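Worksheet: the structure to be examined is printed underneath.
Going in written order, the chains are labelled A, B, C and D, and every chain counts its residues from 1.
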Amino acid sequence: MNKNLQEQIIRSSGVNVLKCMRCGKCSGTCPSYGEMEYHPHQFVYMVERGEIEPLLKSESLYKCLTCFACVERCPRNVEPAKVVEAVRLAAVRQQGNNHLTPAQIPDMLDDDLPQQAIVTAFRKYTK
Amino acid sequence: MQRIGVFVCHCGTNIAATVDVKAVAEALGHEPGVVISQDYQYMCSESGQNLVKNSIKEHNLTGVVVCSCSPRMHENTFRKAAAAAGLNSYMVEIANIREQCSWIHKDIATATEKAIILGKAAVAKVHLNAPLTAGESPVVKRALVIGGGIAGIQTALDIAEAGFDVDIVEKNPTIGGKMAQIDKTFPTLDCAACILTPKMVEASQNEKIHIHSFSEVADVKGFVGNFTVKIKKKARFVDETKCTGCGLCTEKCPMKKVPNEFNMGLDNRTAIYIPFAQAVPKVATIDPNYCMMLKNGKCGVCSKVCSVGAIDYKQEDRIIEEKYGAIIVATGFNPIKLDKYDEFAYNQCADVVTSLELERLMNAAGPNGGTLLRPSDKTHPHTIVFVQCVGSRCDDSKGKPYCSKICCMYTAKHAMLIREKYPDTEVYVFYIDVRTPGKNFDEFYRRAVEQYNVHYIKGMVGKVTPKSDGKIDVQASDLLANEQLHINADMVVLAAAIEPDKTARPLATMLTTQMDTNDFFTEAHPKLRPVESATAGIFLSGACQGPKDIPETVAQASAAAAKAIGLLCKNSITCNPCVAHSNELMCNGCSSCEKVCPYGAITYVDKEFRMPDRTTAIRRVASVNPAVCQGCGACTVACPSGAMDLNGFSNSQIMAEVDAICK
Amino acid sequence: MQVNENKEFEPVIVAFCCNWCSYAGADLSGTNRLNYPTNVKIIRVPCSCRVNPMFILRAFQRGADGVIICGCHPGDCHYTSGNYYARRRITLLYSMLDYLGIERNRTRLEWVSAAEGAKFAETMQKFTADVKKLGPNRRLEDLRCRKQ
Amino acid sequence: MQEAMIKRAKELLADGSVNRVIGWKRGEFVYDVTPAVFDSAEELDADFVYDDFTAANVSKYLIKETKKEGKILAFLKPCDTYSFNQLIKEHRIVRENVYVIGIPGGPKLDAEKIKAKGITGILGAKNDNGTLRIETLYGEETMPYYEAVSVKCESCKSKKHMVYDELMGEEGDILQSNRFDMVEKLENMTAQERYDFWREQLSKCIRCNACRNVCPACSCEKCIFDNPDSGFENKAAVDSFEENMFHIIRAFHVAGRCTDCGECSRVCPQNIPLHLLNRKFIKDINSLYGEYQAGEDTTSRAPLTNYTTDDCEPSIVHERGVE
């Protein structure tokens, strides 16, 4: 249980995870469900329990499309996507963790990828 | 100078833990006029009351201040105690040092200081109290029940049973309400019509019960024991006294494409119609929105075929006025509209239905004669998905914040009935929680699971997508298996939240009763007075007060009836003596007070007065009818000369409190 | 008015609450143990329409630093229309006090139902904080009575 | 005008239509004109006055006068007719017992304004094309006419009579007046400036009660400030705030009933602009609840004895204008 990280995520997401009534509609509606290790309702529940580390390490963070279907459908306005985004930000903010090195870039390039996206991604995922 | 006794209650530790009660008693003992000031563990207890009584006698008290809980709690207790000791009840004032002091403050020093100030304000007020005597006002021995569903019918039957006349006002052409639309009832699975229609007939045949169907309450005036109500009898274009309900007109009516609201619009009716076979009163009604005769004067078939000449195209709305001693509200509920829940595709797909629609689809008198068929292509559905909590338990912006209470049980009922009748059908129920607190309720739900193999899945449906092959894709999560499901369904049934009827809000305004933010009527006390409204003489029956199933509704209906009977039994009721009164010597006769009085309690009389120069002059002065006045005090502020004042809350009393607080 | 430099200013606040909604709302905030400052002292009136503007002026005259009136929500008045009359009267009075240069935050009217215990406590917290910020009520003093 | 009025009054007395006339007579000084009741033609000839100093509103006197035997003749200026109507609405004047003759109104002169110019010993005054020629004990003096016009006439709201049985002279119109200009100016000041303004003005009050006694709306059988039982009785100030409270309550009591006749400010010996309190209420009522002119009719509901369910909330006070 990581209290600091939990508080940071709750604060930066602006989400009151205690509002969740565990109906699972977010996960019922999620288009990326199959690709996620942790599902939207689990994000909310795990943040509530302070289990942040497994989330930070999980690929699920980057599988969320931020389509906001869960936000739209949540009967109690919990806004799971904002929790996912907050965890993602927490991962990005972790000092010294470069999620991308310049050497990795050439492999990722393809013709359809806009230049700007590469630059943005690089900025976002490196320190 | 009054001789005042101050009694400070510990309320166990409720007060004493945060307020130094001894210090309060000590401080108030020094106030002018206070001859005795004491503290005691429980003032409201028998011995506490005896302390008050004995002190009144012993010290010849003319006023009593009790520093205790809210006056809404025990004001009456102490008033009665004072009266028992020979002191006028209205010489008692309460300083609220529990709800408004000890319970909300933590620091003993400041809480004690505040308690002393509140006590001083009460002492200052008592100094200006005057003994008041309550008047009496007669009770009209007739009750009005608003709403003719099972709640209204039961209430009316019980009141009639006690020997009082009852009027039922029902806005639809027939009584019966929602229960008449229901197929079977849980947890016994007996037929709703079989148990409801005998009651409807009983109501119609009881000579004490007078049913005003297709009518609405237009205006309510008066007060407990003496309400004057205007009832609008809407034009049904059929003479109720002549129509025999033979139904010939409904067969012959050429306008056959009117959505049938009784069957939730799943089939059609004619422009002249009787809602259903067992309707009470069994009288035809013409729908002016569809009748060609009423719309453009061309048709008149019903008039021609009617052998008793009951059709009257010229009928108009009629207002009747009646007096009542008690009013019982039984306006019931409706399922919410599902327009804003796009994810369930209710508006896009005919095979996504609400539970109430399913009731009609399964009912023998329903559109399919009791065979469950898909509304779209009339085929037998093999996979049916039930979705619970649609619009219930939501954030305010997304739906209703409350649990609609009945959905878990009726869904189990539906699932079971379907599995019973069509064993080849797969039934899935997506639930968040299954809530079954009720006699034989959980057993019922377990039967659905264990005996009927209904698939209960903990999770919520996220998306419903109608497909081109006529099937419906239901995407949902199974939280226990931690997987996302896709079910290829034939039908989806949504357990829509229920909400109070739309007519309830304007009615509450007319009745001056309170509602909560969801438009449910607020009971006078959530635990101890659940069937009374805070407005005297207005009682609550059924789902207008909150979501309820049939047994609860009937229980509450009878409870409301009992309360109403208790009132109707009395020949007169004691009036509130805290009413306005006008000082004729100061009254200008300007009519300001009369204009703001919500009860019409103020009239004017010409009176002869001796003038300072020994002549006499006739002046117009206000006079308050104390039986009609309810003591709001609007007149006292409208009066510029201060001639109008309010007993128990006089200008000088309130100002004495202000002064005591501001000192 | 003497203000002790060492002690934080504690305003005197008079709250007029109608018996049917707001007084019950105040009781509810007590039942739910929702704290609000001790500065607030409640006077029970049958209806917000019973509050005579003179009471408000009297309170200010006798040393109140803030006056708040609470009644049933419009449409929910126990007496049908009382709070509608109150709304007009109090609007005009507050406007007049504003015109006379009395700070706006010393006066307030708030609709609090019997179910809104939390709202009652919040309202009182906020109002007390606002009045505290203003400091002691300077009142409309008479220049001739001024101590030189 | 004065002669015509006396002539008509004598006719009505003579044919028995009325048995008294309420008009004005001179006091100690020529500009000191006060209401008076006349019983005979002789009294009229001797004392009846109607001139540029005759500003007093006689409507209030009719409360008592119309309760007496017989009918009384009253001469009402346009502004007086509003007060008269308002008192009819409040059932204070017995309409059958009064015969109303509408007469042309102001502008009236304010002797105090003339005296302020250092002109004393006033014996009479006449407007001569914008110049006021003042006859004094010490010879003729002049000053610009408009500078001598009384405050209440400076922003006249109407030259039209709201009620009369008979009209003398021409009927005028309801005017576009600038009467709210000063209120607006005050509203646009800061709270501190407003506070300073009113503190200075109301500190002048000597509590002579002239404003109350002259006000047609302040016609209570017994004023709460005189009534020991009211809890508000205070004849002498016991606290620095009392006078101010008196004026605020007085303004509130007449709110929605005040016709803006301006008598309060006219009679104030300390020149406190009391009408600015009343006009604030009138302006607020007009802007918040729709245009309303007290005394325009005898049946409509006054703004404070009326409401709509969608009236503004008092918080509007805190949201608009200058803090």
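Basically, a contact is a pair of C-beta atoms (placed from the backbone, for glycine too) under 8 Å apart; a residue touches a chain by one contact, two chains touch by 3 or more.
Keep in mind that what you see is a predicted model, and the values were worked out from it rather than measured.
**Student:** List every chain that touches both chain B and chain C.
**Tutor:** Per touch definition, common to chain B and chain C: D.
**Student:** Measuring between mean CA coordinates, which chain is farthest from chain D?
**Tutor:** Farthest from chain D by mean C-alpha position: A.
**Student:** In terms of C-beta pairs in contact, which of A-B and C-D ranks higher?
**Tutor:** C-D
**Student:** How many angstrom lie between the centres of chain A and chain B, each centre taken as the mean Cα position?
**Tutor:** It comes to 47 Å between the two C-alpha centres.
**Student:** Please report how many Å separate the Cα centroid of chain A from that of chain D, as a whole number.
**Tutor:** 75
**Student:** Once you find the CA centre of chain C and the CA centre of chain D, what distance in Å lies between them?
**Tutor:** So the centre of chain C lies 35 Å away from the centre of chain D.
**Student:** Where in chain D do residues touch two or more other chains at once?
**Tutor:** 232, 304-306
**Student:** Please list all residues of chain B that touch 2 or more other chains.
**Tutor:** In chain B, residues 596, 638, 651, 655 touch at least two other chains, as defined above.
**Student:** Give the residues of chain C that touch two or more other chains, as numbers and ranges in rising order.
**Tutor:** Where chain C meets two or more other chains at a single residue, that happens at 53-54, 58, 75, 81, 85, 89.
**Student:** Chain pairs in touch?
**Tutor:** A-B, B-C, B-D, C-D
**Student:** In their complex, what parts of chain C are in touch with chain B?
**Tutor:** 12, 14, 20-21, 23-24, 26-31, 33-36, 38, 41-47, 49-55, 58-59, 62-64, 72, 75-82, 85, 89, 113-115, 121
**Student:** How about chain B: which of its residues touch chain D in the complex?
**Tutor:** 585-592, 595-596, 604, 617-620, 638, 640-643, 651-652, 655-656
**Student:** Name, in rising order, each residue of chain B that touches chain A in their complex.
**Tutor:** Result: residues 343, 389, 393-395, 397-399, 430, 432, 458-463, 475-479, 482, 484 of chain B touch chain A.
**Student:** Quick one: in the complex, what on chain D touches chain C?
**Tutor:** 183, 186-187, 191-200, 202-203, 232, 237, 239-245, 248-249, 251-252, 255, 277, 280-281, 284-285, 288-289, 303-309, 311-318, 321, 323
**Student:** Which bits of chain C are touching chain D when the two form their complex?
**Tutor:** So the residues of chain C touching chain D come out as 53-54, 57-58, 60-61, 74-75, 81, 84-85, 87-105, 107-109, 138-146.
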